[in-house]
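In what follows, chain A forms one complex with chain B and a second complex with chain C.
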Partner chain A sequence: MADVGLLGVNKWYGDFHAVNDLNLAINDREFMVILGPSGSGKTTALRMIAGLETLDSGEIRIGGRRVDPLPPKDRDIAMVFQNYALFAHMTVAENIGFGLRMAKSPEAEVKRRVLEVAELLGLEQWLSARPRHLSGGMQQRVALGRAIARNASLYLMDEPLSNLDALLRVKTRTEIIKLARSLQTTVMYVTHDQIEAMTMAHRIAIMKDGVLQQVGAPLDVYRTPHNRFVAGFIGMPQMNFFEGSRLHRDGDQLSVDTSVFSIPLDRRVVAPLDMGDEVVLGVRPEHIRLANPGMTPTAEAVVDVVEPLGAQTLVYLSAGRMPLSMLIDGHIELVPGQVVQLTINQDSIHLFHPGTGSAVPTRTLEEAVR
Partner chain B sequence: MASSTPAPARSAAPVRNLGGAILRGLTLIVLLLIFMFPFYWMVATSVQTAEGLFSGVKIVPDTFTLANYQSVLQSDFVRINVRNSLLIATGTTLLTTLLALAASLGYLRYRYRGRRFFSRLVVLVYLFPTVLVLVPLYFVASRLGLLNNPFGLMAVHSVLALPLCLWILQSYLEGVPREPEEAAMVFGASRARAFRIATLPLAAPGILAAAAFAFILSWGEFMFAFIMGPDPARKTVPVALKDLFSSYAMDWGVVTAAGVAATIPVLLLFWLMAKYLAAGLAKGAFD
Partner chain C sequence: MVSTTDASEIGLDRLPPEAGPVVGKDRGASTGFLLSLPATLLILVVIVFPFAYVAGMSLYNEATGEFVGTANFRRVLSSTDFLPSVRVSLVWTISNLVIQTVCGLALGLFLNQRFRGRDAARTLFLVPFVVPTAVVALMFSWMVNSTFGVFNHLILTSGLSDTPINFLGDPRFALPTVVLINCWRWIPLVALIIFSILQGIPRSEYEAARVEGAGHWATFRFITFPYLGRSMTAIGLLGTLLTFNIFDLIWLLTAGGPVNRTKSLPVLIYEFAFGLQNLGAAAAASVLMFLMLLVFTLLYFQRRDFKVE
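The block that comes next holds the complex of A and B.
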């Protein structure tokens, strides 16, 4: 149990700036997910906290104590690795008890704790087995057991589910969430899987090219992405981006115009941009709907491909020459070639600077007046 | 070149046709005969009586005696020379393996300027004929009082074996997953202890291969052993074998029996560690 602070942390590999001035504070007992594509510096950041990589500059604190000059063993951490990293020549029991034995706990205490953890993870029958005789899922449980057997102040997890098959991944994901809640401990969890991030995290820290993009609760990040990268990375299926859109004013009427359709912005104020400026319009597939009869549709599109997912159906369409995707209720049936009318609610749109990709803050008129 | 399943994959390739298989088998048999014949000849000669030896060339010996082995066992050869060689080869093996292990870890676990360059430079040493360093090494050893001294020869043999041992170990350790060692460090072990606990058991085949190479090199090395140990009590097996040749009356039976005796430790070593050697050397050769 401890809070964690990264202050101006930098890491270079030759000319490659792996972690770029990372500042991040993790609260005590928080489940923080660091999310990013490969090469984003997320694993490097985690390894620096573990003490497995050195810092080129900056400072790392765990529970108020500066740890970056300390070797890993003195940082009071536990870690779960992507490929389990079990000790092949030791039994499951020896693997689980490893941290305690290193800490010179009395043998009786080690035995008791190993049993307790094995029961918690359903590993009782396997205690005298060697890791290689276990399935991948069981091995990862042993690795989890090794971590929780030790009452560390911080748990680091480096893509612990990536090597598991899909079904097991979902199951283990739930188990890790339960474990973390019951252990009341601080967890830093690295993944490239945004679903893991959304489902597990108290807060998500999104990284790209070594730079922290945004930190926030899963739904905040989903609803208010700070830039185009975050908007595209969070949310499945990916957000639609309409390049070369323009803000347009016609008398009192504001709108954002793509080359094909136009969304009126009757109650919106777009502060830092002038009318006529180019923007990238972002709309999530789940926010594009089929227009009811009698409504004024936003756009007309032709269905290209229909992918039924069961409860929902993912539809790829073309509006003019612009491709877009839409997520609709599974009971609605569309066929390729069909022409459909779409509506896009102005409250669900996102605007981004075409150059920097950063979000254009928009406020409703009510907010602006207040 | 970067195959992860090196040597066995090649020989286990599906046989296209019977003719090819037979041709390949025959080629292997012929090669094996060529390579093994001198050894066979040595064994065959060593068990012949003197009369048998001088009654013409025979592929299969028609006389049998162990007298030659008896005289080898009773001579100084086993008592002094084999003992010297065992001592020096064992010392060389320990020294070389430890140094190579430390150097490979330095290469693999730390980042520093010129890391790759120096690692390659080490193997470049083999581009120069060993004779080139004979004279300077002799002078160094002489000045340091290391002539006729087992430690002198150990040091020299280590110099000769180190580059290849380093290469074998480095390639092997590169393929050993690093995470268990890191896990050990996170869970409370120091760097050295983590290596011992997590990596050493996995690296054993590579270490054994490097050790076996060092041992065999030292065991069979003649030139430096000859120059640096003129004292009869300090002679190693290869030097003693050469001395057997220089006698006026050549006793072929005894010479070959000594030769067989000199081969036995190496054969034993290979036999005991065949499994590890294949794994260790293949890793070094193909990665």
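The block that comes next holds the complex of A and C.
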């Protein structure tokens, strides 16, 4: 139980700016996921909080206490590593009890706590086994057990699920959420998997190239990405981007025009953009729909590939020479080569600055005034 | 696509029938035999045959060619030199192993630290091992020489002693001196082996230990040592046998003297063979030494570390 603050944290590896002026505040008992592709600096950031990497500049506070000059053991943290990092020559019980023994807890207390944790994680029958005799999923539980045996005020998890197979990953994901909730503790969880981030986090911090891109609740990040990178990284399947689109005004009618279709906008765009300026139009596959008969379609497209997922079907199409994807109800059947009419709701579009990639606010003037 | 392909389409039907299952059962067995044949022959020629020949020799009077039964063994066992030699060999082997393990471990741990010039240090470390034994012996003979040696110069000028020490000639110092010279030669190799084992220990285990609050000593005791222990048991066996069998360095430095203080079993065997010209007794002593090492090896393999779990 502690809040965490990173203030102007920088880390260089030679010429490589691994973490670039990172400012991030994590609330007490918050489940914060740091999300990003490999090389984004997310693991480095976590390791700096753990004390396994030094800072080149900046400050880290845990529970109001400045910890960056302290060694890991004095930071009151526990960590779960990607490859579990279990002690190969110790039994499961010894692994779980290691931290308590190092803290010189009385032996009876260690035994009691190890049993308690083993019970919580379903490891009772494995207590005298060595880690290498356990499956990956069991090893992961032992790693979790070792972390929670000591009541640390901050739990750091570095891609703890990435070595598990798909089914087990979903199961363990749920268990970690339950565990974090029952422990009432602060968790920082690093992953490159946006589904993990969306499902587990109270808030997500998205990083790229060492720079924090956006921090927010999962749905906020999904609905209002601050830039094109976040828009593309969050959401499965990925958002469609239409390069070279332009804002266009014809009398009172405002629209955003791609080379093939045009989406009318019945609101004014509050943007540092002039009419005719180039923008990147972003539309999520789930926001493209088949036009009902009688509706004016936004675009016409040819079906290229159909990927049924069960409940939903992912369809790849070509509108003119522009590829796009769309997610529709699983009961609708399309065949490759079929020509379909599409509609795109103007409320669900995103506009991005073509150079910087930052989002162009599309609030109406009225909203802005309110 | 695949389902419409049949054998004729891709020409499988034109292959001769015997080309089908390339790795048949019999074929695999005979291939295995053929592949292991060179190694088997080599072992037979350089190890088994010579040993059988020596074992045979031990039962004959090599000068007259007459069969003497156990006479050579009785001759060796009743020799006043035999038991002292066994004792010298044991002291030699154990002290070498202890010193080399302790110093090699310390140096290996030191090499495992990151510091400037570590790679250069690693290369330099191999120098003692690359120098030929004869050169090592000659070099140290001069360095420990009681009149001109650099060690005695240091001892006299520092006032540690008023008189020079005859390292190789004084019965009190001869064996320790030879042991230390041998250690000088082998410690770097031990250090490099330990260093390579240390490099193989997952870094994340160390990191986990740091996060869990382990200090330097606990980290060594609970992580480094268990990893080293396993590999060291195998290397320990090898080191024991190698060290026990060392003849050249001892012979070149002291020839077994003074007053037999450095006469280990290999030196004794050499003396039987080429000093006393008694090849039968030398063969008998060799067989005895072989049996001692064999018993040791068999006992060593009883250790838990060698058992498959």
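In the analysis below, the second predicted complex is superposed on the first by the 364 of 370 C-alpha atoms of A that agree within 3 Å, B and C clash if a C-alpha of one lies under 4 Å from a C-alpha of the other, contacts with A are read in each partner's own complex, and residues count from 1 in each chain.
Everything that follows uses one rule, which is that a residue touches a chain if its C-beta (ideal position, glycine included) is under 8 Å from a C-beta of that chain, and two chains touch if they have at least 3 such contacts.
No experiment lies behind these values; they were computed from the predicted model shown.
**Q** Put chain B and chain C onto chain A via the superposition and say whether they clash or fit.
**A** clash
**Q** Quick one: classify A:A88 as touching chain B (first), chain C (second), both or neither.
**A** both
**Q** Touch check for A:M102: first (chain B), second (chain C), both, or neither?
**A** It touches chain B and chain C both.
**Q** Quick check for you: in the superposed arrangement, does A:A359 touch first (chain B), second (chain C), both or neither?
**A** Neither: A:A359 stays clear of chain B and chain C.
**Q** Identify the partner contact of A:A78: answer first if only chain B is touched, second if only chain C is, both if each is, neither if none is.
**A** both
**Q** Indicate the residue numbers of chain A shared between its chain B interface and its chain C interface, in ascending order.
**A** Residues common to the chain A contacts of chain C and of chain B are 50-52, 71-73, 77-79, 81, 83, 85-89, 98-99, 102-103, 146, 150, listed in rising order.
**Q** Which residues of chain B touch chain A once you look at their complex with the stated criterion?
**A** 177, 179-180, 182-191, 197-198, 201-202
**Q** In their shared complex, at which residues does chain A touch chain C?
**A** It is residues 50-52, 71-73, 77-79, 81, 83, 85-90, 98-99, 102-103, 146, 150 of chain A that touch chain C.
**Q** Which residues of chain A touch chain B in the complex?
**A** Contacts found on chain A: 50-52, 71-73, 75, 77-79, 81-89, 98-99, 102-103, 146, 150, 156.
**Q** Over in the complex, which chain C residues touch chain A? Could you list them?
**A** Those in contact with chain A are residues 202, 204-205, 207-215, 218, 222-223, 226-227.
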